[in-house]
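In structure tokens below, several structures.
First chain A sits with chain B, and in the next complex the same chain sits with chain C.
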Partner chain A sequence: MTSSAKSANRPGVGWALLFVAPATVGLVALYLWPFLSTFVKSFQDVPAFGPATYTGLDNYAELAGDGEVWQAFGNSALYTVLVLLGIPLAVVLAALIEQVSRGRSVYRVLFFLPVVTLPVAVGMVWRFIYNGDFGLLNYVLSWFGVDGHYWVADPRFTIYAFAAVGVWMGLGINLIILGAGLQAIPKAVYEASALDGAGRVRQFFHITVPLLSPSIFFVTILTVIAALQMFDLIFIMLRSVNNTALADSKTIVYLFYEKAFVQFQQGYGAAIAIVLLIVIMIATALQFRLQRSWVFYG
Partner chain B sequence: MGERRTWPIHLLLIVASVIMVVPFAWQILTVFKTTPEVARIPPTVLPEEFSLHAFETFFSTVPFWSMFAVSTGSLVLRVVGQVAVAALAGYAFARLPFPGRNVLFGLFVAMLMVPSQLFLIGQYGLIRDFGLLDTLPALAIPGMFSAFGTFLMRQAFLNMPADFEEAARLDGANPFQVFWYVMLPMAKPTLAALTVLTGLYSWNDLLWPLIVSPSGENRPLPVGLAGLQGQFGTDYPTLMAGALVCSIPLVLVFLLLQRQFFRGIASSGLKG
Partner chain C sequence: MRHTWTAALAVAATLLTACSSGSTGGSTGEAAPAGEKVTLTYANWSEDQAPAMEQIATEFQKENPNITVKVQTLPWPEYWSTLQVGAAGGTAPDAFWMLADHFREYAKGGALIDLSDTVKTAGIDMTAYPKAVSDSYTYEGKIFALPKDFDTNGIWYNKALFDAAGVTYPDDTWGWQQVQDAAKKLTDPAKGVWGIAAPIDAQGGYYNTILQAGGGIIKPGGTASDFAGPEAVAGLKFWTDLQKAGVSPTLKQLSDTEAVSMFESQKVAMYFSGAYWALRFHKNADLKGKVDVAPLPQGVKRATVTSGIGNAGYAGSKHPEELKKFLVFLGGAKAAEIQAATGTVLPAYKGTQQPWLDSMPEFKLQVFIDAIDYSVPLPVAGNTAEWQGLAAQYLAPAWDGVKPVEEAAKEYQAAVDEVLAKQ
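Here is the complex of A and B:
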């Protein structure tokens, strides 16, 4: 401290430590320590009251043989794959918005509205639209002679119903990120290809998609991570109204919530969280491996 | 591309926009219907008799203003806390060398990559042990500290020229004065982006408030709305009115600050 204080234009280490202290204390107390305690608890039986006991790998063994856990991972995986279908849609819409000059901001605002609407409110509105007896969706489908269903009361359809809402909710965010990526593509590239007689569709597949692929990759990573953590929609559409379809529609984070904070089996809940972490890490690493074959860094 | 026609593109975008907006339109139309009318097959589009009973039921059964105050209070606490803590730390990580800086920053980045569910059990234990369950600070405290915010602020300070900083230092300003009067004003766009993102996340969050308000006291809007749905599961006009009233504040803020929202999302790509 004294040596650096001597040179007037270099601040002392003391100042730096003062600056990072609040963030570091918070990080250690509220993130690092809870993370380590989750890890430790996953090897323990933690009763709601009284001391925890170490049970080794019991939680993980139980988890591996628990049909409910497998079903929850299956539901989350299905939901994630379905929500990924929204990404090509977002790429096309982002490219379309980029082509127009008038009304661009109006479109952006409209597509962004679901992002700034409370997810709980979104879930309530869609639950009404999905109502099997008098919901809007079944009514619209009846115009085309398609049979209606109990979309959120029949476990065969719940995950698909959630995924449609997930795509609708995520579109606004994806459009903003992809839009920023599109603006970084030099206009000259399009002009040159137009002189060569390339049409819009050709330009989309041969210029837009390859040059936008880093942004598409980024959006894909974020979408997978968010989709694997889906909780709000299932809570609001099924749990808060005691819908019997809940039993077969649980997602992994919903199951974690139920075990750790409703049944207060925190050891078992912690083990589920650790497995979730591993799944997200594998999914992300896999995408980084796969990107070599399709992401183009010009 | 100027000579190409844009109306087919507008047509496609308008169709897509209509699909985006239909749920909101249906919600608003439903609010003014009576409960029996909503259950009719086929559904009516416009309300047959204009009714405001949904709003009356909502406001007479739900303590909207106290929920609104809890949501707003915890948002302000969380945003102000996070922006202050993250800006200070981000500045040090970018500009003030100290021993172990890279190791410490590595720890922040590592926590950035861990899904939030991994922290919940431990955070809940701390809040409970400090007797903070069902209080306003419980909602805000964990979110006041953010590896993401620190990371974002560090990026902002890294990209700034060193000239101003050195000039101020030579004029005898101490590091806090340099930070406060010189560097922080230049970081305004990032501060705005972080404010908007943190505010959005705080306002929308359901899982954490659900966990730390077990008694139902000091509930923010998402938890209160979920409770309303449990209570009035089939009274759709009342549910739609509640969903509408609770969503409007943030939608209005968004319409006023569109640019900050878009820049916030674009600069970070934070999702959920």
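Here is the complex of A and C:
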């Protein structure tokens, strides 16, 4: 008798299968199946309707020579790097909030609000803030005698403008995760270091940051993945009738959307999605490799 | 009508869809009808028009108590991805709005129900629709959608700004030069007022001027474009000259704040666009008594592009007979009259436009109907959405004045031809 047959005879296995069924069915139907079908499509020429034809690696070959794809990857990479700058900011803010003795949760709620706000609403509000003629940002800059720009209509600035929103939107989640990490650091460590004469700043760099590094690492992983998938901001903020910055500001997921759903090239879109998946996997693997040198598991 | 309902509208729609999509008007009548009860879905992308669509559905249900019609309103960008995925996957709405530039892909892919026989048996007179519109929903000799509405273009202008600058209002005697001259006189940098909005707008803008210059946009046969010919270049120059003269907001400004919003906030005095803005301007209290419309100026000749929404049905619908019945109703006089009376749009059905004219008497809306006589169908060829999407990218340098128009036009033409060659 094989081991699997043995286990199938054990009482309760049927129940166990029944209990995991909803999750498994959901996983297969909502993740595994779409992934496989995307993978298959990436080797096909898929018209809007009607039968697909296999074209082997044609989509990938076209993609490698497509300047638009490279530019989109470049934009996504720049955006990701800029959004990562928000992590040190989140660490500092988390440490500061931790110092607050009363009303800590008020701060947390304030920073968390953007996370639970509809991205569409966020995009609209920022579109107004960034408006070159009537925007809030340029108005505030004018107080200091600074000439503003067309932040989301000038391709030189769009990615930076998105990144500022991305940092702001990501702050809430990061603060929650980092805040939880901070609370896990024993108070005794701080007390001991204070007795040894360490100041606040020194404590921050020599206790808080190293002991928080597992949380920082986790936040970094999440941030990179989310940043590489950025789509909604560009979708809301650049989709006016003909925004002249759009051609130069597309992110990789935006390009995927455009190819697959606007231009009816689903096979090509699928290939872009697969390449993005590989890029995310490599980026994440790389981070796991690098973490050995800086993450401290006390 | 396609790209004009974009970002702002789409976002507003996103926020509002939840509220509206649940409310389908009308009960299914008192007497229990013979035959099984059937529910049809009818998708559109316009919050502005949704109430009229509900009213049409209710009217249809009165005549067909066994059929319930659910009106679905989706935001513009989501509309097309939902429809495409639904049509490919078997879950598309039964009836839905279609546009000329998307139509060909759907018809070619067999996603639309063929209405050719229905038109014959129901005795529909196809000449009741503007030919330019009904032609654009015919594919390989078969009819796949009945025109719902149509739009031609005119000059929307702000009378208050014209009065302030002492410029006479545009009328049917105007040629290109008059527009250029008036735009200069109307521009007042101190007040932040521009004479005209000159965005990179195909349907409301350069398609019309290219045609007025005697050019074509797509060469006969649909396998090559004609953006670089001397007539087309002249048509494009009409707009780049306005930019060069500084009588329009820059492209960047128009990217941030769409031309129609600029017009509504009374920052621009003239705006070339379609009939579909009438209701919005009519409802805008700030513009009361200040706005009117005139025919497009003449170039070498008169011309305007025209297009319209078509009502199409899904080939995979579970209730094809009921669906055809509904589509016939949507293409008929009663549905047109409801649209006209609510001021929603200019209905395509001949003779039903009067209530639309009467609903907003402050505008000379007859301009749009008169324009049918010199209207040309919106150019479509190959994967239209793809090559149209390239326009802003290739033409912007000409608008910004950093590249000669001839050169930008040549590059755009090459890019369009490359897309067309893929067919």
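To be clear about the criterion, the second predicted complex is superposed on the first by the 284 of 298 C-alpha atoms of A that agree within 3 Å, B and C clash if a C-alpha of one lies under 4 Å from a C-alpha of the other, contacts with A are read in each partner's own complex, and residues count from 1 in each chain.
FYI, contacts are C-beta pairs under 8 Å (C-beta built on N, C-alpha and C of every residue); 3 or more make two chains touch, one makes a residue touch a chain.
This one's a predicted model, so the numbers in the text were calculated from it and none came from an experiment.
Superposition model on chain A: chain B and chain C are shown in a clashing arrangement. Contacts of A:232 after superposition: chain B is touched, whereas chain C is not reached. In the superposition on chain A, contact of A:107 is made with chain B only, not with chain C. With both structures placed on the common chain, the touch criterion links A:50 to chain C but leaves chain B unconnected. When chain B and chain C are set side by side, the one touching more residues of chain A is B. When both complexes are overlaid on chain A, the residue A:190 reaches chain B alone and has no touch with chain C.
Shared-chain residue A:261: touches chain B and chain C both. Once the two complexes are overlaid on the shared chain, A:41 sits against chain B while remaining clear of chain C. In the superposition on chain A, A:16 contacts chain B only, with no contact to chain C.
When the two structures are aligned on the shared chain, A:134 is found in touch with chain B and with chain C. Contact with chain C, but none with chain B, is seen for A:246 once the two complexes are overlaid on the shared chain. Mapped onto the common chain A, chain B and chain C collide along 60-68, the only clashing stretch among 24-32, 60-68, 114-122 or 186-194. Shared contact residues on chain A (touching chain B in one structure, chain C in the other): 118, 120-121, 124, 131, 133-134, 235-236, 240-242, 257, 261.
Considering their complex, residues 1, 4, 6, 9-10, 12-13, 16-17, 20-24, 26-27, 30, 38-43, 84-86, 88-89, 91-93, 96-99, 101, 104, 107-108, 111, 114-126, 141-142, 144-145, 147, 150, 166, 169-170, 172, 174-176, 178-179, 200, 203-204, 206-207, 210-211, 221-222, 225-227, 229-230, 233, 236, 239-240, 242-244, 246-247, 250-251, 253-255, 258, 261-262, 265-266, 269, 271-272 of chain B touch chain A. Interface residues of chain A, counted against chain C in their complex, comprise 47-50, 118, 120-121, 123-124, 130-135, 150, 152-154, 235-236, 239-247, 257-258, 261-264.
Looking at the complex, you find that chain C touches chain A at residues 3-4, 6-7, 10-11, 14-15, 77, 80-81, 84-85, 87-88, 105-106, 108-111, 199-201, 251-259, 383, 385-386, 389, 391-393, 396, 399-400.
On chain A, the positions that touch chain B within their shared complex are 8-9, 11, 13, 15-17, 19-20, 22-24, 26-27, 29-38, 41, 93, 96-97, 99-101, 103, 105, 107-122, 124-129, 131, 133-134, 136, 139, 142, 168, 170-171, 173, 176-177, 179-180, 190-191, 194, 200, 218-219, 222-223, 225-226, 228-229, 231-232, 235-236, 240-242, 253, 256-257, 260-261, 266, 269-270, 273-274, 276-277, 280.
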